[in-house]
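Just below sit the structures, each encoded as structure tokens.
Each of the next two complexes has chain A plus one other chain: chain B in the first, chain C in the second.
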Partner chain A sequence: MKENRKAWAFLAPSFLGVIFFVLIPFSDAIKRSFKEAMGGKFVGMDNYMNVLHNEAFRIAAQNTSRFIIICVPILLLLSLVLAVMINNLKKHRSFFKTSFLIPLAIPVSSVVFLWKVVFHQNGLLNGALSVIGLEGYDWMSTKAFPVLVFSYIWKNIGYDMVLWLAGLDGISQTMYEAAAVDGANAWKKFWYITLPGLLPTVFIVTVLSILNSFKVFREAYLIAGAYPRDNNIYMLQHLFNNWFTKLDIQKMSAAAVMLALIIVAIILILQRIDTKVDRKLDIE
Partner chain B sequence: MIILILLSVLTVLPLWFVITGSFMGSGEFSGNFKTVLNDTTGKVSWPFLPLYPTLRSYIELLLDSPKFFIVFWNSCKQVFPSLLGQLLIAVPAAWSFARFHFKGKRIIFTIYIILMVMPFQVTMVSTYLVLDRIHLLDSHLAIIIPAIFSTFPVFIMVKFFKAIPRSLIEAARIDGAGEWKLFINIGIPMGAGGIISAMILDFLELYNAIEQPLNFIKTTSLWPLTLYLPGISVQKAGISLVASVVMLLPALLLFLYGQKYLEQGIMVTGIKE
Partner chain C sequence: MKKKISIIMSCLLLLLTLSGCSNGGKGDKEKENITVEDKITIGRYVEETIDFPKEVDPDDYISLTVTPYGIIELYTYNNFGFYEKYVYTDKEWTKENADELQVFNRTNTMRITDVFYGEDGRQYLLGNSTGYKNAFYRLSDQGEYEKVEIKKFEEKYTDLDMFYRPVIIKVLKNGMIAASYLRGEIEVYSSDGQSVEAELTSSYDAKITVEENNLYYTSQNNDELLTINMETKEEGTPRAIEIDLSNIGILEYDSTTAYFCDTSGIHLNKEGSSLWETIVDGNQSSLNMPSLTLSKFIVGAEDDFYCVYQDTNKAVIKYLYYDENLSTIPSVELSIFSLTDSKTIRQAIAMFRESHPDVFVNYRVAKQDQGKYYTYGIEDPEQTVTDTDYIKTLNTELLSSKGADILVLDGLPIDSYIEKGVLEDMGSIFTPMLENGELIENIADNYIDDGKVYAMPVRFKFPIIYGNAEAVNFAGSIKELADYTKSNQEIPLLYESNYRALAAWFLLIYYDQILNDKNVIDEGMLQDFLEAMNIIASNIGASDDAVLDHLGKSTGYVEYGYWVSAVGDVHKKLIQSNIGLMNGIADFAIPLVAASQWKGTYNAMNQTFAASALIGINSAGQQKELAKKFIQLLYSEEVQSLALEDGFPLNTKAMDGWIQKDQSIGMVLGFEDGYEVRADYPTSSLRKKIYEKICSLSKPMMNDTTMLNMILDEAERYLRGDITAEQAAKNAVSSISTYISE
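Coming up: the complex of A and B.
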């Protein structure tokens, strides 16, 4: 009992803040998502239907999910390859870690001008492409999607790499030594020791990568504005932003509730897979 | 090894371009970028090093653009009080989760984790509603208050506090130290790495915030650097690179100084309970 009191003394300021500034307002938003804008009449699922039938919402939801489905696996793979390569180095490890982590420290706003110059119709990228005989695009207005994919990977590769390195660190060296005695080659060691050993890390890297993918809105917004010329990068984040400008609270509340549910669902599913894998590993 | 070197060069290249570009004179600058700036034809070029390096743009920005200082100051006014508030609120909360067993701990900590992983867009309406009700919209506090109660630093610090050997705390307790003393004399010094990690990660996040000021601050004179920089007009694009460098320097220096802590902070998010 006494321990309870002590614990709450330390926790209370934070928890009260969370209740007052997050939990109560969010339950207010849930309430509003079932009500009319004017007069506050209960309208059931009407707001939700409005959102789901909204053309802009469909496009945005599609683009956002496509972005996540394409980007997250690429990022996971690339960062894993990097982490394994760096882990095998004898020297200069910290040099490489630093270079891949640097983008994390660079504010998006600082590279906006550079991005514009690189991806412009007559920009650096097209210049480089023409040298090797390829036709370029006006990236920002017709092919903005790959630009965002690149920005996202550039920004997050160091973060994921560090998570993988932590996972690699947790694999015991004796297993590798035993495998070496048995005459296993590098590839076999990777397949039978490293990969299974990294499974516990996969869950958290995936979750964090999905969440960080939402922040790509910053690049999208700063480069292409609230209504990008290339429809393919019109994301849910743009939609929320634009509904907000119109103060469409009902629609936003309904959309926020759905987004929250989807994210919780994704996490639960990943966690399910994760515990199943864990159990399997324990049995082995 | 060669692949690694190539990739790391590619990763660092943008930084190199921005920094060296900031030393171009306005003549060289508009010569190189006129197609992008005016949407005319022709190719841009970004020399590996400026041909005629000059500090002119720096002087123009730092001496002749009072607006820049206001905006820089706005960023400071939003970031540092947020960090300070987090220190006061999140550190004790993390200590509570790490040190005590209490009723409801599991469920509350789960709530904290869920909130930590929610993107800004989920809580945007609700944050707006509460800020509106307490009349904080369109002020620095609209950024600071929600940031203070972010659960992310709590999560990071809990992991560090948990790593403190229990025997150490017990020994001090037997010596008659009260809970507050334990927290101040053992928790904070032993968990300092975690506190620094959380603060560095949070600094980078807050300093880079775009969604929050964009939506909660209408008055452009209160805008932070993140929103001001992309808005620098085409005619003044020369100073925009300098402004970019000035903006990224604090973050970069903090990163280089605290990289070890940053890595630890990222690593603990990956460790399972």
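Coming up: the complex of A and C.
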């Protein structure tokens, strides 16, 4: 009982924060999603139907899904490779760990400025390409999607790597030693010990990576504004932002509720898979 | 033990924190005695108009001054050219003998422009003699005026064809004279007019004043109030100025208090204090009324003030006194939100305040710093907060039903606001006005939708093309203009321009020429449009960053109506024509002279007009009835007849007045190379022709900046040669379709 009280005392501040800054505003969004923008007249599911039939919503939802589907696996894979490599380092481990975390500390506006210098039509990348006789692109206008994918991976790879490293630390060294005695090579060690050992970490890294992928809007917005020339980087957040400017709060609320439901569904599916895999591993 | 101490300390901390929030010892009984009245802050300055004596025409005003004994004196001249003097006591004017002044009557070559008393108690006169040369006189003990010979008055500015004229002239107790001139020059003279070495400099408009033998003046950056005793040459401690003195205003000093009066209000600073207190808000007095220019500020004996303003061609006297029984802020508030400032709205606010003294009109202008004007499509690179940010803030207020009562819709998502029911139908105001023929029909009709009126422009501007008649006659469409340009390559059609600004102008003017039958932007038509524009751009030598100074980053001339260099080039016949946005009749003067060099003409372009200050009422506003009264005043002849350089009036009677009224105004436009274009205010027949053009206007300029910028982005890339016209049109239409589908 006493332990419970302590736990509640520690949880209370952040729980209150979540209530006031997330749950109450979100419940307001749910309420607004069933009403007219102004005046508060109840309109049932009209706003949801409007959103689902909205061409811009479809484009934005497609782009956002495409971005997540492409980015999250690449990020998980690359960060895992990096984590394993750094974990195997005997020297300078913390130096590399810190180096990969630096992008997280750079403000978004500075990152965008950096990308503009690199990817501008007269930027460094096109300059380098012209030196080797290749023709450059207007990257920011026509190839903005790959630039955005690169930007997301560059920024988040260090964070995911740290999460993987925490998972790697949880795998007992004795298992590797036993496998080595049995004559297992590096690949077999990775496949039969590291990978199963990391499965509990996969869930949390995937969820956090998906959530982080929504934050890429800041970069997209600063690179290309409210209406990107390259329609491929027109994300859901662009649409929400533009809807708010036009006072389309009802559409925004309906879309936000749908998005929240989809995210919760994804998390629940991942959790279910995680639980199943855990059980399977326990049985084995 | 440690745990107990920490608990005690925590309790103590909590107790101290809470006690800090108490009322400083008032007992419960005392708290109960606090009434509602006690909670309202009491006392504010009230403004009254002081009417001129009945027989005096305010046009004939010369000076208002205060004698060393605190008596207010008014100097005027009558129809026969004689000077008159009145004294103001008990709210009445009494005529007094002014025989001594008659030596300067109209038969004399000198005309009095100012009368005032020096700190030495003597009366002084400043006047203009032949050739606008200044003269300075002192009233002697014998009751005669003696001329004080100041050499500087005989000199001309090295770079200007005009004699030195003091911005301010004051006399110290010891008889020394201090005068400030434009560009911050301050000179001090002995009582006989001999220059005294002082080496003082102030800000550009050189704000100075005197008290006893002390000369007070603002530093070059307007950030310090400096003082020097001209008797002992001792310099006083500089006093920091924490208010913005960049506006033209008047500095006064009385006893131990410095006063500064400008459009933002009356501010004071007491000796020994670093704080500047605003005691009169410019918005709550006539100080911020655009039609009035402050010409005199007098500090009265009882913490009261007299302000003299110059209206179009007459003087207005206002008296400000402190009423300790009125609440500091009026109990009723009418709020107005606008992205940019509007002079006509400010004017109406000042006039509304006079008839509604108990209403506080809160005029919120989001983009306060309007020092630089940018032409359409060019964004201010120094702008840190975007229009979208302001709109989002406003939207948050609207969603919580806290938005302003009146919305100035320029730059706001009007269609969306109408669709969401944010705007109130103003049919009850405008339908009767339209039925009575009180509004210019061809303009107002564009804002009536199914009998409902959600937005209405306060004023309007319209673009004209002037110069070579052939070019002007081909300006019906961009295609015709491009065809004409193709076959007339010798002289450029227009002044060289920046790609984006050029594209913006053409798009705004010819926007309807890219719309198909369904009123939607057509890709093919946009491509043709861009290609035609490219022909003109090549002809005029447009480039990426050309002449932003003249076209984009203007110093006010874009708003004034024509591009300075361009009008000169039309006059010199270096270019065939120029496009200008006309704000008023006076704007036509110089362009018409420039066109006459070509034996040319002018024409309104594509019957397009630009709305200036689109007004709407917030349907969730708290003061809807008051808002309607304000709007009625805004569109009344009284407000609309004033020419404030922000567009033509929508009120028909006001427009008739503009067309009928003759004005003897001469205008000179000078250039760095000494070239000058001189013009007179348009004649009656020209004004009638202008009115005919106004009657032909029927197409409101596109006001969707998001869509405009989408097309401009692509047009700019095409004109620069980065992409083809086809690609540009395709990209623009693709972006626009996403935008529309949102």
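Please note the rule applied: the second predicted complex is superposed on the first by the 249 of 284 C-alpha atoms of A that agree within 3 Å, B and C clash if a C-alpha of one lies under 4 Å from a C-alpha of the other, contacts with A are read in each partner's own complex, and residues count from 1 in each chain.
Rule of thumb we're sticking to: a contact is a pair of C-beta atoms (placed from the backbone, for glycine too) under 8 Å apart; a residue touches a chain by one contact, two chains touch by 3 or more.
Small disclaimer: the values here were computed from a predicted structure and weren't measured.
> Between chain B (first) and chain C (second), which, if any, makes contact with A:Arg229: first, second, both or neither?
second
> Looking at the overlay, what does A:Asp138 touch: chain B (first), chain C (second), both, or neither?
In the superposition, A:Asp138 touches chain C alone.
> Is A:Phe244 contacted by the first partner chain B, the second partner chain C, both or neither?
both
> Between chain B (first) and chain C (second), which, if any, makes contact with A:Ala166: first, second, both or neither?
First partner only, chain B.
> Once the shared chain is lined up, is A:Ile59 touching chain B (first), chain C (second), both, or neither of them?
Only chain C is touched by A:Ile59; chain B is not.
> Given the touch rule stated above, what does A:Leu208 touch, chain B (first), chain C (second), both, or neither?
first
> Of the two partners chain B and chain C, indicate the one touching more residues belonging to chain A.
The partner with more contacted residues on chain A is B.
> In the superposed arrangement, what residues of chain A touch both chain B and chain C?
244, 249.
> With touch defined as at the start, can you tell me which chain B residues reach chain A in the complex?
Touching chain A: residues 1, 3-4, 7-9, 11-12, 14-15, 17-18, 21, 33, 35-36, 41-46, 88-90, 92-93, 95-97, 99-103, 105, 108, 111-112, 114-115, 117-130, 145-146, 148-149, 151, 154, 179, 183, 204, 207-208, 210-211, 214-215, 225-227, 229-230, 237, 240-241, 244-245, 247-248, 251-252, 254-256, 259, 262-263, 266-267, 269-272 of chain B.
> How about chain A: which of its residues touch chain C in the complex?
For chain A paired with chain C, touching residues are 36-39, 54-56, 59, 121, 138, 226-227, 229, 231, 234, 239, 242-249.
> Write out the stretch or stretches of chain C touching chain A in their complex.
388, 391-392, 395, 398-399, 413, 416-417, 420-422, 619-620, 706, 710, 713, 722, 731, 734-735, 737-739, 741-742
> Under the touch definition given earlier, write down the residues of chain A that touch chain B in their complex.
3-4, 6-11, 13-15, 17-18, 20-26, 28-29, 82, 85-86, 89, 95-114, 116-117, 120, 122-124, 127, 154, 157-159, 162-163, 165-167, 200-201, 204-205, 207-208, 211, 214-215, 217-218, 221-222, 236-237, 240-241, 244, 249, 252-253, 256, 259-260, 263-264, 267
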